[in-house]
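Per-chain numbering from 1; labels A, B, C and D assigned in written order.
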Amino acid sequence: MGRYLVNIWESVSTMLIGLGITGKHLLRAKNGNVTLQYPEEKWPRPERNIGFDHQDYNVIRSRLVVDINDCTGCKKCERACPVGCISVEALKVPKGTDLGVTSNDTIKRLLVTRHDIDMSECMYCNLCTFPCPEECIYMTGGPNSHKTPIDYEFSEYDRNNLIYKFAVATQEEIDSYTIPVPVTPAPEGAKA
Amino acid sequence: MNVDVAKKLTEVFPGCLVEQDEFPETHIQLQPDQWSKIASYLKETEELSFDSCMCITGVDFGEEDDLESRYNLHSMKHNHKIEVRISANRKKPIIPTVSHVWQIANWFEREVFDMFGIKFKGHPDLRRMLLPEDWVGYPLRKDYVGPDSYHGIIIPKVKEVWE
Amino acid sequence: MISDQLATAPWLMWFSIAGVTLFLIMAFNALAAVYVERKVSAFVQDRVGPMGQGAGLHAGKWGLLQTVADAVKLLTKEDIIPRAADRKLFIMAPFVIFIGAFISIAALPFSSIIQVIDVNIGIFYILATSSLGVIGLILAGWSSENKWSLYGAMRSAAQIVSYEIPAALSIIVVIMITSTLNLQGIVEAQGGIVWGFLPNWIVFNNPFAFLAFFTYFIAGVAETNRTPFDIPEAESELVGGFHTEYSGMRWAFFFLSEYANMFVVCGIASVTFLGGWQSPIPGFMNSPFWGLFWFMSKVLFLMFIMIWFRWTFPRLRVDQLMSVAWKYLLPISLINIFGVGLWILLVGA
Amino acid sequence: MTERLIKNSFIHGEEMILNIGPQHPSTHGVLRLRVKTDGEIVSEVTPIIGYLHRCFEKHCENLTYEQVIPYTDRCDYIASMNTNFGYVVAVEELMGIEVPEKVEYIRIIMAELNRIASHLLALGTFGLDVGATTPFLYMFRDRERILDMFEMVCGARLLYNYMWVGGVSHDLPVGFVEATFKFLDDFEREIDEYNNLLTFNKIFIERTADVGIMTPEVAIDYGVSGPNLRGSGVKWDLRKNDPYSIYDRFDFNIPVGEGTMGSVGDCWDRYWVRVLEMHESVKIVRQALQQMPKEGNVHEALPKKVRPPKGSVYKRTESPRGDLGYYIISDGKPSPIRLKMRSPAFTSLSVLNEISRGWMISDVLAVLGSLDIVLGEIDR
């Protein structure tokens, strides 16, 4: 009998405590909510985050971008990628050809004819950005906001549109370098 | 670990040892034929009491070598551990089961069977664990070649639109 | 009363007017209740629920159009009947449940003059009809040819039949005090003041009646299959329970009847225990149309409590559900009857 | 005890086979349970797994050691920091790398915060399994704050790829320490709210206490580890009993199940151990934040090439779900010749039939929820 009454008392009291807690949340719904109403409000929303500007983040894993003007075609990112979603092809150009310099003042020795990234396969592991000697492959937003602002809305209706082609070398450019190659000996010192 | 497992085992089961480390040993290699009994002995002997089987790993070093099954045993009581290695012929891989000694070995052995095709003699329910029942071949073997299609679904080997 | 004035009109017309009105009430009730349910659940859970920035954008201002959008979606959805299902029963089941809720509402006194039919055994009638729905539940579960549905149906049958008993026994307390089965009579008996300042509602009449109100309300929550007694649906165990296989409009009928049943249960509770259309301050704003207001606010308040329950409690297990009904609620309601009897004998009604 | 209900019920009907899953609201992923029932009472549960098999181990044989790390993330996606941790600790042992002091502290902070996040999800979904929706949302709200902090550190919210062999990918950003302290202060208050709302709720106790009792013998025999083993009253925690990294420097307790509401080893005990463990993790994070050296380069000890010498290692660490073991065999090449992951959820699931036999369908799902399985880790 004692157990019976205790059961009733425990049920009623613990339930009232529970109702009290949910009631408290119900009343402070206006200020206590954590919803980000997506299309109207967009991340980053400073008052919801932990008081940080997203510029202060170490990195934000979002879309990959390549500053192709800085790319030397060293293929380090391609080798680092665990899923093989980066494909780089670079062309050896005859000695003495001026391809310009990167922003770190490295002389470019290879013409990047292809730098494709399949974002539909990317696993956002960020491993490709570390080996890059010119820091020309990076993820948008965060500390890179000054280069490319954050962009996480890049869904597409066709999967093939997610293959980003960064190379800007034109066909004439490529031809102008490829045609003389058989006649001249292969240039030295153009190792990746 | 302050018990010489190899020495104790050779006393009780002569000829069971194939290979062993220096004294505080990390691993011992055993003959497969008495393994079931040795496992019970390892679990039930007071000084050893390997009451938990941490892991069973199937190993394949390449097409010339034998398959291997490695047991990482641990004793909650004495807090010591040991690795037992048992190899099996690649053509006819049979190792006695220890699923009656440690219950968890049941699932671990099924997984090894699934991936390497090592048959555990006496296992109560030796079915594939992670792969579908009708899968052909043992994927973690080094000589495994993946199928071209599965139930009519073509498995693409090259990416389209990617050249 | 309206019913008397319209007695001369052809009965068919009267019935259709009443029927359509009731249906609209039920539909509107479901729409509103779904909206409130969504919003309450959101606020309780630190969310904002359906929101929008105005009509045409998402769900309208504060998401007011969300339930309308839901209704449109349900109406336009493909009607799927599983191949293995028992077609006739499958089609029939939602309507059987709906009818149970529908004819119960007909006898509820919305105000002293607004009532579809004033039956002289009103309370008895409602208790009888509101448990009609269980047949529909069993039909739905059986005809779906689905193991989950069958489990849901069997659970709900056991549950509703068990909880009918404490519910009815608690109502008996009211009948003992008011000595009438007529719902208008019960409400009228609750006018005036008791204990000096409280309205003379039955819930305040004596301690046992107070207890009886809670017994009835808990049993009522169980009868409407709502958390913590929602084991026939139990989405984390039985997927969807008896309505697993239903979709589109047929499923909407289950939904409609769930909220209609909530309305009926809360309606009975407010009529029998909370003074129906009587004003909480006796004599203040007590005209028939204010009566409608008082009745509706009491019903909606109780429905809000039910919604609040749902978003707070875990779910009971089947055997625990039975033991709550038979080991706890039933003895308590028997004690209530005995206590109220003694009270009437010693103190007077 | 397990056979209790079957023995007591004298009405026996026809047995029916019920498939719970692969698509079911409370199987925590794509798990299929073939349940043999007599009415509501379950007489046999056969878990059928493999629906989420992603060939993790086969993949690893074709990847370099660095490239394996993002794949370990995807095994236990609820506690990726801990799966990373286990892997890098194993490879470091194989290579004999000493990592800098600061890296050790950062790793511990991350692993323990991730443990809190993982336990929050486990408790929340357990609540959901027994029908309580609201605590789940509250717990997600707090988990979100931890994920925000992770995002600040490594840019990702779920699959971090943060711990590397010999270091971590990024140093802690400015202000992280203060933000974490603030979170910990808030969080301890929130735990009390969960307790009042769910843990001590009578219905919740009725649903979980005395249900699915796992005795210590059964637990050890089935290789169950982590909070599930401690729920059975076995004081066993790798952080204390076989310390790796720098866990021996911290002062914390090992909570064990005591049968407060029912018997030792029931679902409520397993739940309660997790709640207490969150308190302990808060304690560890506090100490680590205070002791952490301010200066230090987190990339200092990164090897030029991760190429372990010939040999094999079995290293286990305490993940939120239990003993997470990695068996790595290296032949000196850039990729491992064999990498086996001993997943704790795999062993926890294997015990399901043993402890849920004889209970009701609702109880099977409650027991499953209390075991806290992650299918990504079971199927790998």
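Operating definition for what follows: contacts are C-beta pairs under 8 Å (C-beta built on N, C-alpha and C of every residue); 3 or more make two chains touch, one makes a residue touch a chain.
Predicted, not measured: the structure shown is a model, and the values here were computed from it.
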Chains adjacent to subunit C and to subunit D under the stated definition are A
If I rank A-C and A-D by number of C-beta contact pairs, which comes first? A-D
Centroid distance [mean C-alpha coordinates] between subunit C and subunit A, Å: 53
Subunit A-subunit D separation of Cα centroids, rounded to whole Å: 28
Cα centroid separation, subunit A vs subunit B, in Å, comes to 41
Which whole number of Å gives the spacing of the CA centres of subunit B and subunit D? 25
Taking each residue of subunit A in turn, which ones touch at least two of the other chains? 7, 15, 18, 21-22, 34
Touching two or more other chains - residue numbers and ranges from subunit D: 134, 141, 197-198, 201, 203
Residues of subunit B touching at least two other chains: none
Complex contacts: residues of subunit B adjacent to subunit D: 51-55, 57-61, 70, 72, 76, 79, 83, 102-104, 106-107, 115, 128-132, 139-140
The residues of subunit C that touch subunit D in their complex are 41, 44-47, 147, 151, 227-228, 230-231, 234-239, 311-320
In the complex, subunit D residues that touch subunit B: 49-50, 53, 55, 57-58, 61, 218, 220-223, 234, 236, 241-242, 314, 316, 323, 325, 327, 329, 331, 337-338, 340, 342, 346-347, 350-351, 354, 379-380
Quick one: in the complex, what on subunit A touches subunit C? 4, 7-8, 15, 18-19, 21-23, 25-26, 29, 32-35, 37, 39-40
Subunit D touches which residues of subunit A in the complex? 7, 10-11, 14-15, 17-18, 21-22, 34, 49-52, 56-61, 80, 82, 123-127, 130, 139, 142
